[in-house]
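What follows is a pair of complexes built around chain A, which joins chain B in one and chain C in the other.
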Partner chain A sequence: MPFMTMEHADLPNLARDLAAAGRRLMLPVREGAELFFREGVDAARLDLTAIPKNSIKEALFPKCDRILKYQYEGREVAVEDIEPPDQPTVIFGARPCDAASLPIVEPLWNWDYRDKFFNQRRSRTVVITYACRQAPAEACFCVSVGLSPSTEQGSDVVLYPLDEKTVAVNLLTEAGKALEGAFAKYRKGQAEDGAVQSFREGGLKSLAHRKKLDKVKGWLDAHFEHPFWEQKTFQCLGCGTCTFLCPTCHCFDIQDESVFDGGTRWKNWDGCQFGLFTLHTSGHNPRGAQPQRYRQRILHKYSIYPDKFGKILCTGCGRCVAHCPVNLSLYDVVASVQELAEKGE
Partner chain B sequence: MPDRTEQIREIARKWLADGTVEAVVGWEKGTHANRTAPVLVRSPDEADRLVFDENCTNNLMTYLKRPVLKGMQKVGIVAKGCDVKSLIGLIQESQVERDKVKILAVTCPGVKKDDGTVPVKCRACEVNTPEFFDERAGEPVTSNPDPNARLQELEKIDALSLEERHGFWRTEFDKCIRCYACRQACPLCICSRCIAEKNQPQWVETSPHPAGNFSWNLIRAYHLAGRCVECEACETACPVNIPLMLMNRALARTVKEKFDYEPGKDPEAKPPLRTFRLDDDNSFIL
Partner chain C sequence: MENIYKPFLARIAEKRKETYDTTSFKLVFVDDGVRESFNYRAGNFGEYSVFGEGESTFCIASSPTRQGYIECCFRAAGRVTRSLAEKEVGDVIGFRGPYGNDFPIESFFGKKMVFIAGGIALPPVRSVICNVLDLRDKFEKVTIVYGARTVADLVYKHELQEWEARGDVDLVTTVDPGGEGQDWKGRIGFVPTVLKEVAPSSENSVAVLCGPPIMIKFTLPVLKELGFREEDVWTTLENRMKCGLGKCGRCNVGGVYVCKEGPVFTAAQVARMPSDF
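Let's look at the complex of A and B:
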């Protein structure tokens, strides 16, 4: 069944229509020289010319989230649960590497505890993905982690910009098909046979230079102690940039903020690159030095998470590579591991 | 005349070979066309990794906080004029012993930001040819500072009413994600336990909500007042593009006005906000 096509210039109008139906809308917009995913902005500002600096995870796992309120009453504490918002949401213009992060992190949020703050938002969110005709950034490496510039996982709708003017539309899931009416309004024709297939092949070709990382896990599991870590990670500042821009990173910190006898419990983004992350109350810190913390980041994403959930905790979006203030490229690190493994070192 | 990269490599190689230093912190070629990355070289044959070009934007002095370097008897460090200023601050505050650091200064015509533009600090630079060094690489570069560069951007903020200013900063701080890249990149953020990492009591809310973000950003700016040398490491590192330098320059302007002091120039000077003097102005409290 051929895909319908629409005009690229109609995308902001479609986004506006979807928002008008009482939905929360997240879309990429320009701020200065860069793009960011933002909510509550005019759909006319939709900008799909580059990969946004932040990821879509903010829509499902905000940087700070109220989870309960408490009030002391004498020796008792009254606790009031806070329900996560129940608003239908559209993420318009996610990249495939953004959408693909959702099925990767879903098992984590439903492992031993079903996190309603993520699940509620996820169940109310429709993801409309803008596939990549070419890799949008030098830093991209989705193909190295088993994905591609037109990967479908996690998406409800995939848009293929066949050229500057024409976009083919793939309504993938039930939630995607439910938007058929909204899309039909902008229908201009249908995609030619093979057009989307060409599109997919073109995207893959643009990343042909990226390494396969099939030997990385094996090397990681066998080389916990290795001078490689200290040599390779000297420049790491131990900030949270890579962690907070990453679509799959999900660590959080619980903070109680009280005023006299009552307060709010917050759930905030946290990161394993911070010095305090593993500091014990005894004063001992099993990861007291930056190379140990960076090793943990790689191990978690490329070995421990795959062991636990069967998926690599990385979609190769390249944000960590592009935006690390000291140019510590995670891709460079894992590609170096692959090389060491291939050489039998 | 060998270029700066060649000279830096030669000096570093010599220092590492004759034991002058145990290691040299410098820049090496990055993974993308317009990037360099900080690197630690420990042997003479590694000296060829070092480079210097307009992409050497990072201030390497921040690495002097690292235990691996603090544990060394002597460390070499490549430094532009702005980086040297921050080292002078570290020496003033006894964070670094002068004779434990060998300064491999390099003359610098200016660096470029990621978007290709010239940073304000380069337009205002008076230290293209550093005068505080152990050895210096590069042909001298004449400084030609634009006297308005630093304070030009403040004029827009000065023109806002207090309410408008609050609105401006509220919008900017709302973006903050508390990644602390600003703090980690800053050479003068030296506290082994940052105020934001203390919870007995919790001075600063760690949550990245507007109140917490106001607290964090204002406190950090204040902790650097009279100390910040405007190397722009913080603003460059910030992933959400908060114009941190506006605060830093505004505070530097006040320190200059009230104390006639500019940090990063004289290692013997006593920073006014850290020094008690009998003739300190008390008119505002008495």
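Let's look at the complex of A and C:
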């Protein structure tokens, strides 16, 4: 089935139309040398030239999220529920690796207990993904975790920038198809399946050098104790940058903030790389040393989560690789595990 | 959609200073409906909150055989527990739960019960003890070995006296050498050593063991020596938690989430876990 096409130059106009219809809009904009996904900015600033530093997760799982309010009246306490925002949201220009993170983390937020703060936002969010003609960053490794630069997973609409000027549009889901009218305004022509197919192949080709990680889980399951962990990950500072930039990391803390007799309970991003994360009251820490915490992160992503939910908790977006202050590449770590497994070590 | 992070309100009906740093509460849910419908099992835990300070994780120390209230016991150690300890009878706190798995009490029917606890780890065991004592005729011999560093560190002293007075409970209390006072009538020695002296029969027996990691480490070999199978030794793991719901990411031991798959495990299950606790 052919895809409708539109001009690349019309993408900011389309984004503005979508926001004008009362939707919350998140899109990548340039701030200094980096791109960031931001809300409440002028759609004219849409910048799709690189992979943004932050992921789209904060649209559904904000850094700091109010979960309830409390008010003391003498010895009594009144607790007030908080409803997450109800406003329809469009994430415009997500990369396939970001969109793919949403169905990966969904089962976690619904594991027996349903987190309404994630779910309500998720149900109101439409993801318009900008597929990658070429891997947009040196750090990209989506192909290693079973995805691709034009993966449709988690997207409602996928845009294929066939060349500098032309974008093919793939309305995938019901929520995506509901935007057909907005897209129709900018229709220019149509692209044949073959054009999109060769776009997809070109993207895959740009990551042909990346390893398959098919033996990683098996090795991890058998080598909880191994000198590899200390040797390979000792340089980790425990700064947590990787966890905050990761589209799939979802660990959080719960904290209260009071003003006089009342206040707010917050759910805040936290990270497994911090020593305090697991510190017991007694002073005992199950993961007291940094290599143990690094191992936890790798195990969680490549073994524990796949066992629990059948999905690798990583989309190969490469942010943790590109922004690690000591150049400890997660890809390098898991690729080394793959090599150890291949060598039978 | 329901807010899974919203606690029930519970009023402190009784407060007891168990030791110089440990407090226990009897809590009654403020809402009539919650009070009537609230159900739990021995081993379940909860998130206790002081609004304005945060939440803290510990077990429900009472037995589900006693309805209408729950009890808890905690050491004032961090921000939440210190301010919790300052709360008085009539004050309102928050409680989320019950969470986690539980002790399969029914599968212990007809067996001898051996309870071993150290220090502040008596509360989770106490829930099972009270459950067993409330159904006393369903069990054979009941032995309790409880130790603490010093006499001052023993919690639930009033209850220890009650258990002592019962003819159908064999209670052995002990304190670490040097921790005895002038009037101490119990034993002096570390829990593993005393357990070895008491030597409860492993025949048709179940052991419930809770305590600091070092005590667990030295008690497990004694239980093995006494003939207990790992499948008949039960314990609870007490990892740091925030949500208690399997989401916040910190309580896992390898692939096991203590909040959802625990906190109650057999020694056989613990032995299969990676050394991540």
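Methods note: the second predicted complex is superposed on the first by the 343 of 345 C-alpha atoms of A that agree within 3 Å, B and C clash if a C-alpha of one lies under 4 Å from a C-alpha of the other, contacts with A are read in each partner's own complex, and residues count from 1 in each chain.
Convention: a residue touches a chain if its C-beta (ideal position, glycine included) is under 8 Å from a C-beta of that chain, and two chains touch if they have at least 3 such contacts.
Keep in mind that this is a model prediction, so the values were computed, not measured.
In the superposition on chain A, A:327 contacts chain B only, with no contact to chain C. Shared-chain residue A:296: touches chain C; no touch with chain B. When the two complexes are overlaid on their common chain A, residue A:263 makes contact with chain C while staying clear of chain B.
In the superposition on chain A, A:280 contacts chain C only, with no contact to chain B. In the superposition on chain A, contact is made by A:34 with chain B only, not with chain C.
Once the two complexes are laid over each other on the shared chain, residue contacts for A:255 go to chain B and to chain C alike. Shared-chain residue A:175: touches no atom of chain B or chain C.
Shared contact residues on chain A (touching chain B in one structure, chain C in the other): 253, 255. On the chain A side of its complex with chain B, the touching residues are 31-34, 36, 53-54, 63-64, 138-139, 234-235, 237-241, 243-245, 253, 255, 257, 266, 268-269, 271, 274-276, 289-290, 321-323, 325-329, 331-332. Residues of chain A touching chain C in their complex: 67-68, 70, 72, 75-77, 79, 81-82, 108-109, 111-116, 119-120, 224-225, 250-256, 258, 263, 265, 267, 270, 272, 277-282, 284, 286-287, 292, 296, 299-300, 303-304, 307-308.
Remark: chain C residues 1-7, 9, 49, 51-55, 75, 77-78, 81, 90-92, 94, 212-213, 238-240, 242-243, 245-255, 260, 274-277 touch chain A in the complex. Within the complex, the chain B residues that touch chain A are 30-33, 35-40, 58, 62-63, 66-68, 115, 177-181, 183-185, 197, 205-209, 212, 236-237, 239-241.
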